[in-house]
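Going by the order they are written in, the chains are A, B, C, D and E; count residues from 1 in each one.
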Amino acid sequence: MSAGPTDAHLLERAPFLLRDWLTHALPEPLRWFANTLIAIAAILAIFGTLFALLTLVERKVLGRVQNRPGPNRTGWFGILQPVADGIKMLTKEDIVPRAADPLLHFLAPVALLGFSVLTFAVIPYGRDLVAVRLDAGVLYFFAAGSATELSIFMAGWSSNNKYALVAAMRALAQLISYELPLLLSAVPVVLAAGTLSAPDIVESQGGFTWGFVPHWHVFTPWGAAAFLVFFISALSESNRSPFDLPEAESELIAGHLTEYSGFKYALFFMAEYFGMCSLCGMAVTLFLGGWQAPLAALEFIPSYAWFALKLCALLLVFIWIRATLPRLRMDQLTRFAWKFLVPLALVNLAASAFWSLSFGWAGPMQALRWAIGIALAVGPFVLLGRRLGAGIGPRTYRYA
Amino acid sequence: MLGTGLLQGLAVTARNFLGSFYDRRRFVTTQYPEQRTALPEAYRNFPFLVCESADDPMGTLRCVACQICEKECPPQCIYIEKSKDKKPDANGKPQIYPAVFDIDTAVCMSCQICVEVCPFDAIKMDQVFELAATDRFGALLMDRHALAKPNSYFQSIHPTEAGEVDSRLLAARLAAEEKARTAAAAKAAPKPAAPKPPAAPSAEAPKPSPPLA
Amino acid sequence: MNPASHLWVIPALPLLAAALGALTPRGGRRLAAGAAIAAMAGALIASCFALHAALAAPAAHLTCNFEWFRLGGGAVRLGWLLDPLNGLMCVMVSLVSLLIFIFSLGYMDEDENFTRFFCFLALFAAAMLGVVVSNSLLLLFVSWELVGLSSYLLIGFWFHKPSAAAAAKKAFIVTRIGDLGFFIGLVWLYDSTGSLLLYDGGRGILEAHALAGLAAPALAGGLAASTAIGLLIFCGAAGKSGQFPLHVWLPDAMEGPTPVSALIHAATMVAAGVFLMARVFPLMAADQALASAPLHALTVVAGIGAVTALMGAAIAVAQDDLKKVLAFSTVSQLGYMMLAVGVGSWVAAIFHLLTHAFFKALLFLGAGSVIHATHHEQDIRRLGGLGGRMRVTFATFAVGMMALAGVPFVFSGFWSKESILHAAMEWEVSRLPLWAGLAGVVLTAYYMTRLTFEVFAGRPRSHAAEQARESPAVITVPLLVLAAGAILLGFLGTPAWPWLQSQLTGAAVPSGPLIESPVLTAVSVILVALGLGAGWYLYGRRPRSDAGAADPVAAAFPAVFAFLAARMKLDELYALTVGRLSSALSWLADFLDRRVWDGAIRLLARLGELAGLMNGEADRDGLNAGFDAVSEGFRRAGRAYSRAQSGDAQGYLRALAVGFVVLVVLVLMGCSR
Amino acid sequence: MSAALAIVALATLGSAAAAMLGRSLLRSIFMLAVSWAGVAAFYMWAGAQFVAFAQVLIYLGAISMVALFAVLLTRQSRDEASPPPAALRRAILAVVAAAGVAAVLLWAVAHSPLAVSGSLAPATSVRQLGFDLMGRHAAALLVVGVLLTIALLGAVVLAADGAQERPGDEP
Amino acid sequence: MNALQLCLAFSSLLFAVGLAGALARSNAIIVLLGLELMLNAANINFIAFWRFSPSSAPATGVIFVLFSIAVAAAEAAVGMALVIAIYRHQKTIRLPDATDLKG
């Protein structure tokens, strides 16, 4: 964490001022240590709170979508529901099956939460507001994210329960399948920005065309396609509906969480929401301009507020999708990844390469550039979609 | 094109989400403990024992402890002990009454067989559903005091069926009174010309009433 | 901004259309055709701009070179080139292609693989334009091969016809033979100059520095490397342009749909060879300065061209198939162009190339119109009498025929042919090309007259010809446009106003009198008149009455006519020589295998057997025990060794580890001692 | 500095040894994952961040997954344990061979004149790495890409069941 | 013993552990993973020499390790596929049983 922007106004500098006020009295090496600790504490506190709120908001939104009010008993509008849930989770009995592998059974949620939290380190939450400024930040993010698969498998295996094991295998297949498009859809951004460092990627999205169209990657043809692929893969990577096969409660009880209760279950829950938040944060960073304001006139609002706004919007879309779509089948899931997302991401890579190469085109060539770019994004989508949807019609029932 | 269906679905849910804020009629739920919806008449849950008056429920139970329901109950949740003595029933006729009549609501499955087999219209289906208790050993076992509910209650929850039952019982009582009067008259007039065949009103009465569904 | 840097748009547009066509399902006829025609129109517009830019500075070779990829230390560089030669070729190719595309709309209307056809056509045009605009022989070669591929696809478009499939294969293989030479030439060139860029600011292979190095007498016999390389490249050009030894694929290629024939024979594929020669002319001519060399590359080119010109014209005299006549006429005209290159006047070659493209495309499309109207009747003996019914076709065909025949002063063919003959006359090395050219002139006029009278005069000689109707506008409009071109184009390069020549060479050519050498012109006009007259005398005076009647020439000279009709038996000759040679070689190999080697082995075996016999005798006589012991020892050793081959992977790994340790220890002991 | 190295090394070696000794296959793989993470930590220590992340991504994210899949797909395998004498013999041989190799290597390391220059890690930015990969080592990168593609195709072909997809099983 | 030698010693020991595992265990998967450990040990050497090399300009060591990791990934994929193929044929993944090509 650096000293923070010095020329920005007070609100923008508020986090840094607060930190410096807390630690200015300490001698140098200790101060660095304290600063780091404060960063960790801040991330944990903010995202912990966000997690708590998110569980409530999710239930409220799901309720609204289903024309119900949602939880509204605990506290004003159910605001204390997360607290109640937390107390319930913490006071529940922690059961470890006798046939389980106790060490792995214990380690799985811990490791999962650990890796999920690790991914927060490289996301830029605001101007200069990033915990660790890494040269290869995006790579770090995916490396830490990919390690979560191991934890889920650990949970499924160590439970020694057939449902949990099936869920673990599903989780493996699903996460491996969607890791690929997730990475591939991030590569065009790296290509365009020319850096693997998340703060630099956000910086590269600054500026406006004609004063009101921000230079976010999602507003380029390849960026829109890559965002779509990234978003779908992120849904799958965070085991969210409609890709929640590992915990498909109608088939597998609770999947890899079947044998977990009490605090460990809460840890899993937390890790999943953390994963969701960090993936959304990365999506915001890569495609939605990170902490950049959408209009030059709105830049007086501090950058971290913009980031939070975008993050919350994406999370709401996650919830919205959960409220809408039914769960896929396993073969449909993998088919979708390998036959649709991966080719789309690969073609999109070429599209973004074209976009970078045609950087200097101007005037009527700019129109041509857009036409080709859009064709490269939409054409494969339509063709692959037709391929994917071939043979899927209204189902005919033989005996009905 | 791929994805249009998804977008349609998303539009539907978004409409629901937004609509739920300004159109209260969309809501399918009620705030239960405070707001209660009127239960439909056909709703049935757990049996109760019908008594004639709310003032003296034990004295006016219709049950004669015939134990048919106890024997028919599939999960065997009914326990009955006959009384040693007899008490006059609603018609004034002395009858055996249940000294103990227990139903274990933890076991009862609300199948209504006890109601169907009862020849005395003494046990009927209730509409209760808030039977939760904090004591899982005693509180779910209902004794006859807890089970007894007046006929007026029955009238209030199942008016159609109750009216039918009442009219039938009234007919039976009238028939019995008629018979008693005839018998008294016969006792007064030593030679009855043509003694009426002892028609069994209780057996005759249910005939016109269609079986209740 | 360098206009050459946008040059890639020209081939990219039809390529895009081809890609779109490939992705279009069979039903999307409108989409595929529309995309192809729109792309071609766009390419035409872009070509016009390019030409405009090129004419602004005719002498400058505008280039746009870029690095394709870098492997290790070296980089492969490609580039685009823009000069008047390129620009003219671009405009010509895209204009003729556009007209042919439009024509195909009508011609291929009933074909079920309509979309595929347009996809191939667009690919072909893209490849050809790629050949034209590339500034690197490598890129040119790649496009060149793409041209070959798409011509294969197009000739074999009706692949369900065995003859079409065979013709496609033949075209592909024969041109490949030439391309092999081309490729070797390229490799040699790259080896000796380190670049394949044509113009590269002084470092290109067509620029003085590289040429000076190449023209030195480096090979045996005082030959220059440039002679050998030039001849190798000429191999490729000869294959594509149907020059004498490799021309056999061209007439067979008529199996393809007629627009394809027009595209291949008029505008593009065959022109590619001549264009290549003109493009690398500085390289070809580099050895001219070397007076001591026994052979100059251009001499060979001129010779081959002369032979081809004469031979093609002679064969065309005796063909009965409408398109075959035109095909051999193409061979002959290409011979003229090569002749022009060979005698040093590549400008005349390009002039003729341009005019020929128009009038030959016109002729082919006219033939296509006839074929379309008569439901694929191509035999001229069974046609006839179409002049009255298909007036537009007849008129435009007549224009094309007169242009090809070289009817003086009005038609473009006359002017371009005159410039070639004039160049041939001024060549000092030999007069043979001139004689061959003059002989070709009379033959050309003769066979074109014959063709026209057979097809359009007299009365219909078959049911199909009786039923013929004029073709729709989509077919006739391109004909009219091409006819106009066939007339007007000639005036760009008359000696009195040598605009084309000045632009192509980049230096102002002084305008001379309209007729440069009156004697030569008079001779050639007389020869044309002779040819026309002979044709009219034999075929026009009394048109053939029915399809079975014998040809008047065949009646007079049956042997000669049959020889020519059988294409001078060249195919048979190849079958007899090349085919026979390869059979002979395989027979020889088989014989060696069966008799010689087998015999030797048998002999050795016999010897071994004998030795064994003797050995056995000796063994049995007393050595038995000893040999037994030795062989038992071998067997035991083998068993021990095979025990090591346990199939146990870990065992191997273990052995490796132990071996490593032992080795290191041994080495250390050796060192410490 | 060296203390951090020692801790990383001990953790890596310990988990690797535990993985190689462990009875349970799954636990072995998890221990190996720890050991790979240790190697990644070593890379971090040495200042090669990019390699460290690549190590985590590929070893923890991919290779351990593949190994887990292989274990699960071969779960019905006959009992692993060899007859005791053979297993013991192999184990002893293995330890002897490995110890020999280790001894030789350690001896070589200890007796080689290895000079350490510069206390700072050479600064290699990701950008520089990218330029190197795409520039000087472009050919190698191409070859490795082809190798990976072919290896993956080969793996699919090897592991694919020969049975045809049943008709009518489409969604 | 300086830092470089420490690193090299670390890699040697890791190599030995991997070798021991590859030699001692009969399960093909563990053997393959032992090989992976040995590869990792080799990579450690590259990084160590890169880290302590006198000429710090080229990132050859790092690039070598990247390639090595890629090759290791390919090797693991093919190896596991082979294990599965062997399992399908022989219903076992014990290496000592896979001796069909025994001489």
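Heads up, the rule we're going with is that contacts are C-beta pairs under 8 Å (C-beta built on N, C-alpha and C of every residue); 3 or more make two chains touch, one makes a residue touch a chain.
None of these values were measured; they are calculated from a predicted model.
Listed by label, the chains that touch chain C and also chain E are D. Counting hops only between chains that touch, chain A reaches chain C in a minimum of 2.
Path length between chain B and chain D in the chain contact graph, taken as the least number of steps between touching chains: 2. Taking the mean Cα position of each chain as its centre, B sits at the greatest distance from chain C.
A centroid comparison over C-alpha atoms places B as the chain most distant from chain D.
Taking C-D and D-E together, the pair of chains sharing more C-beta contacts is D-E. Nearest to the overall CA centre, using the mean of each chain's CA atoms, is chain A.
Chain A and chain B have Cα centroids lying 58 Å from one another. The geometric centre of chain D is 6 Å away from that of chain E, both derived from CA atoms. Taking each chain's centre as the average of its CA atoms, chain A and chain D sit 28 Å apart. For chain D, the set of residues touching two or more other chains reads 50, 54, 62, 69, 90, 93-94, 97-98, 101.
Interface note: chains touch in the pairs A-B, A-D, C-D, C-E, D-E. Of all residues in chain C, those touching chain E in their complex are 641-642, 644-650, 653-654, 657.
Residues 69-72, 650, 654, 657-658, 660-661, 664-665 of chain C touch chain D in their complex. Within the complex formed with chain A, the chain B residues making contact are 1-3, 6, 9-10, 12-14, 16-17, 19-21, 26-29. Against chain A, the residues of chain D that register as touching in their complex are 24, 26-27, 30, 33, 37, 49-50, 53-54, 56-57, 60-62, 64-65, 68-69, 72, 125-127, 170-171. Within the complex, the chain D residues that touch chain E are 1-2, 5-6, 9, 12-13, 16-17, 19-20, 25, 28-29, 32, 35-36, 39, 42-43, 46-48, 50-51, 54-55, 58-59, 62-63, 66-67, 69-71, 73-74, 76-78, 80, 82, 86-87, 90-91, 93-95, 97-99, 101-102, 105-106, 109-110, 112, 114-118, 121-124, 128-129, 132-133, 137, 140-141, 144, 147-148, 151-152, 154-159, 161.
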